[in-house]
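Just below sit the structures, each encoded as structure tokens.
Below, chain A partners chain B and then partners chain C, in two separate complexes.
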Partner chain A sequence: MTAEPIVSIRNASVVYGKVAALQDATIDIAKGDFLTLLGPSGSGKTTLLNAIAGVVPLSTGQLLVEGVDMTAVPPNRRGFGMVFQNYALMPHLTVFENIAFPLRIRRVAGEQVHRKVMEALDLVRLTGLAERRPKQLSGGQQQRVALARAVVYEPKVILMDEPLGALDKQLREGLQGEIRHLHAMLGATVVYVTHDQEEALSMSTRIALISDARIREVGSPHDMYFRPRTAFTAGFVGTSNLMKGRYRGDAEGWSTVELAGGGLVRGVPRTDLVAGAEIMVMLRPEAIDLLGPGEPTSGLNLLEGEVTDHSLQGTTWRTVIAVDTETRIVVQRLSRVARSFPLRSRVQLCWRPDDTVILTQ
Partner chain B sequence: MSTTPTGTRRATIIDRISLPLKIVAGLVFAFLVAPSLVVIPMSFSDSREIMFPPRGFSWMLYREYFAGPEWVASTIESTVVATGATALSLAAGVPVAYALVRSRLFGMAIVRVFVMMPILVPTIVFALGLYIYFARLGISGSTLSLILGHAVHNVPFVVLVVIAGLRQVNPNIEVAAQVLGASVLRTFFSVVLPMIASSILAAGLFSFLISFDEVVIAWFLSSPRTMTLPIKMYSSIQWEVSAVLSAISTLLTLLSLVICVVGVALREKEA
Partner chain C sequence: MSRTLTGPVPASTLWQAKRASPDYQKAWFSAPAILLIAAVFVIPLAIVLLQSLYREGFTLQGYEQILGSTLFWRILRTTLEITLEASLISLLLGYPVAYFISQLNRTQRAIAMIFVLLPFWTSILVKSFAFIVILGEQGIVKNLLRQLLSYELSGSMVFNRIGVMVGMVHFLIPFCVFPILNNLLAQPPELRRAALIMGASRRQVFFRVTFLLSIPAIVAAAAMTVVLSIGVFVTPALLGGRRDMMVANLIDYYTREALDWNMAAALSIMLLAVSGALIWVLSRVDNADRH
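This part shows the complex of A and B:
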């Protein structure tokens, strides 16, 4: 028996006048999911989150919570929690009272309020700051208070709207870890909005890629990175090299592609395509190895080119290679072990067939 | 604030103004406040005639004010009117300000114009309108009519002050409160109102002050039974040159000063 989704959104649209902020979104959220809505700004990801929260009404479509239609239920009766980019703590209340707020509304008894708030404070490592005002805390501390407030009443789903967007890089990475930890420890269901693909990859159990008001692709971080289905996904999640080509068919467990710039390469099979289809070949920069001219390779895809740029990024060497007049391929190899190639030298690019992802537009 | 992240203060335009310009500015300031301040020394005069510079020193004029039954009665009338008008203008103005800041409904621009109307229309026209209107209702000359008239007059001031306070409030706090489980009413009363409490208090103080020394509307609406303090002062100066006015003026100036300082302090605190 498959578990019933805790939230399911069916054909949801949000239309302002003639502009659709969200179009025909359908997605299920399972209990324990960490679903990230990833997309560029203005793509509709926050609209979808707000629609789940109930603060933006759906123009059409349905929202079910545990199988019950909640489309018309106001936000305060949906039983969700929410965390915002700018914290949204109540400045006139202490940290304790901010966290106690949802409990007081639910008429939880005084002693229990005290116990739960203190537990939540421990959970976000703010023990001892209960009597401070939000203004006396740093941005990272304020966001931890907001997290505590969103989990203290054990809501069915916790919604997070770019919660780390206002913090600097170091703090952000620290809090990413804490949110991930919180999710794992509480077994909570989280819907998380971000435009940061690295954040999405590192935190989620599932990613929904959104652009131009539509959900484009849904999958695990691993699939989104290693097996994207569209060039848009490949371009948005991680760095990618794209080459135009024509699909020739599958043989011996691999597909064969004829590159527009000349040459045949083998790739991941795509039985859903017909021979002759226009496709894109996608290679991740770290999937490619570089060899000097004439050095032996075995069973790998091969292209030749000239080094046009070569720079040390710290962990990796980043090398740009022109394989023909139009195509530049970016290669990243671990700087500790990889050989360095001088500018303008000829090199061979080689990579494994299963790193060759075939995309449709 | 004109401070850089490292804490050094950058020179502002004011810092770079030359000395002669500063002297001119000081003179203009003196010209503006002198008429208000000139009554203060006169109020401590020991003569019943108004003269400047004053002679002697006594509290006689103050005693005259506090001992005069007509002065006390009109002071009480003004207090009652100002209190009632303030309560009504807050009750109407705070929700209107909230709607104007938060609502995206069509037609809010028109509502804004209507709310600001008492400021836009000349006071004398507004007062005449109220006079005719209250006469039709049969309540002209009553304390109630004064309260209602001043309440309408003060609403735009309340709205402006409260709007300024609300603009400082992050609207996501209200969204958060609702997602956390608070109903719309609960959000308004236990989240929004406390966050703008100091703005509301400031608006109330200013409303009280405006009503307390308002002359034009009160002139149209008051009767001999319902004379407010400014009307009583104004009519008394027409019959006799009464030195007690300087004592009352000094007290009014003091009241204004205290209210303004408290009001500004409240708004600073909120910002």
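This part shows the complex of A and C:
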């Protein structure tokens, strides 16, 4: 991160009675960031978002906005915007007045209100619906009104609490695109809460993985997917194959791992580990290719196994291979080009060393 | 700016009962209630209607007499005054109570509810006598003022409009608190939170969101207090003065002292018509808000 953070959270905790909903969270949010707080339900991600908004007070820790301590400042003087899962549109106001609400609070002049609201409506493609009531709109349209309301007064940070959680899959994908587009076009800073890892991967510039009230790992979507640092991240973000093993050391630019089930594989170097350390090897399903028995491979990692399940998913073939009595490996290969293997046939699994991610537990 | 109130807030439920689905088998379950209402309400009401039109044969004499009497018009005016004053004061005092209770947690709210319901535990007759003791010349209020502040409150607090208001408002407040509290508790908390995050002060959140969303409940509460206070006669009879006579007291007079049941019946029908008209006006207000 090169830019100066717009929001800094320092050692923030939220404790209810004896239960910690958030523990020792520290993270910086840079201007223009699209930070997703990703985690299972009850992990504390919404607590962190609400703490940033100011509706949940921090038990300990600090919240800085552009370098100024805002820990004790009430929500209405933080200058943020928020989009809720259930839209939270005012039922007694028209779409126009809903979007105008933050402007009216700020005593913006009438004609400017009109211009800004109309621009915001254009932005979310609801131009003709200004005089409707929220209840007369579909869920997707209501959430677009809420988005317009959150951008119309150009808040420093827009907080989004599972904004697509109440919508069906197709609408969700459409709105994901719109939110991404809004973010890019306005250069807005967004903090987005979701439990949907695909949503997190496709929308964010950065992801903070949260579980059990703690921030576990922060990184770009690419890093979280291809270079996770913990087994928890690997398991939560995308599908992963995990195998136990022992780290043997680095050589020739690769690390060597002895798998618990037998066999040596090469992977991404991990200079921070000592030889003999217990580790996990993680492979993404699409990183593995399948070959028939005895077919030539070239300098790739190799395992053998038996096909126990094989099904067409549309874009991919999903094949499950038993490499030993305990380990099942899921492989996904493009159905247009990959060849199919019958059940119970022997196959070779091969993958490149830089797809072998070594994780500590 | 026209405002409508739709949405997740359960509006006045008083005259908005949903039309039941035509499930005739289930309709039988309501038969006992219907029979009871017919026996103790619909039939007697029909008898009253007939009585108001009958004095040794069909006649409109009762109504003519009433409409031509200055006494009736004065008493009707007093009745409407007391009804509207009592309703307004009850709403003004009841709303903050409801708002306060809505902010409490579950346990605190249960305790507060008991206090709101407490007046129901005593009969209105007992309460009215109690207020005579409390508000009278040698009553608790005046004596306290005398002894603690050596202040002599001029004027009487009972046997006049003040006494009537204290008694009626005390009786009516729970009927304001409950519909409004219900509404406030049903308002999605995210709306207030959203307004707050968008920059609204607590005051603005209240006036631009909470209050506007509670208007249907205020109308429902008003309808309740109007209906309840228009027919009141114990309170004005005990706590009011000569000039605080209400239509119900006049009916009482014709029934028990003048023994002119034709007049009493005609007055009853008139009173029913007036309260019906008031309810209709209030329902218009509510509907106007809705569209």
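The definition used in the following text is that the second predicted complex is superposed on the first by the 359 of 361 C-alpha atoms of A that agree within 3 Å, B and C clash if a C-alpha of one lies under 4 Å from a C-alpha of the other, contacts with A are read in each partner's own complex, and residues count from 1 in each chain.
Throughout what follows, contacts are C-beta pairs under 8 Å (C-beta built on N, C-alpha and C of every residue); 3 or more make two chains touch, one makes a residue touch a chain.
Predicted model only: the values in this text are computed from it and were never measured.
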Clash or fit, chain B versus chain C on superposed chain A: clash
Partner chain in contact with A:8 - chain B first, chain C second, else both or neither: neither
Which of chain B and chain C A:102 touches, first, second, both or neither: both
Which superposed partner A:134 touches (first chain B, second chain C, both, neither): second
A:90 touches, of chain B and chain C: first, second, both or neither? both
On chain A, the residue positions that both chain B and chain C contact, one per complex: 53-55, 74-82, 84, 86, 88, 90-92, 101-102, 105-106, 149, 153, 159
Residue ranges of chain C in contact with chain A within the complex: 1, 3-9, 188, 190-191, 193-202, 204, 208-209, 212-213
Chain C-touching residues of chain A, taken from the complex the two chains share: 53-55, 74-82, 84, 86, 88, 90-93, 97, 101-102, 105-106, 133-135, 149, 153, 159
Touching residues on chain B, where the partner in the complex is chain A: 170, 172-173, 175-184, 186, 191, 194-195, 197
Complex contacts: residues of chain A adjacent to chain B: 53-55, 74-82, 84, 86, 88-92, 101-102, 105-106, 146, 149-150, 153, 159
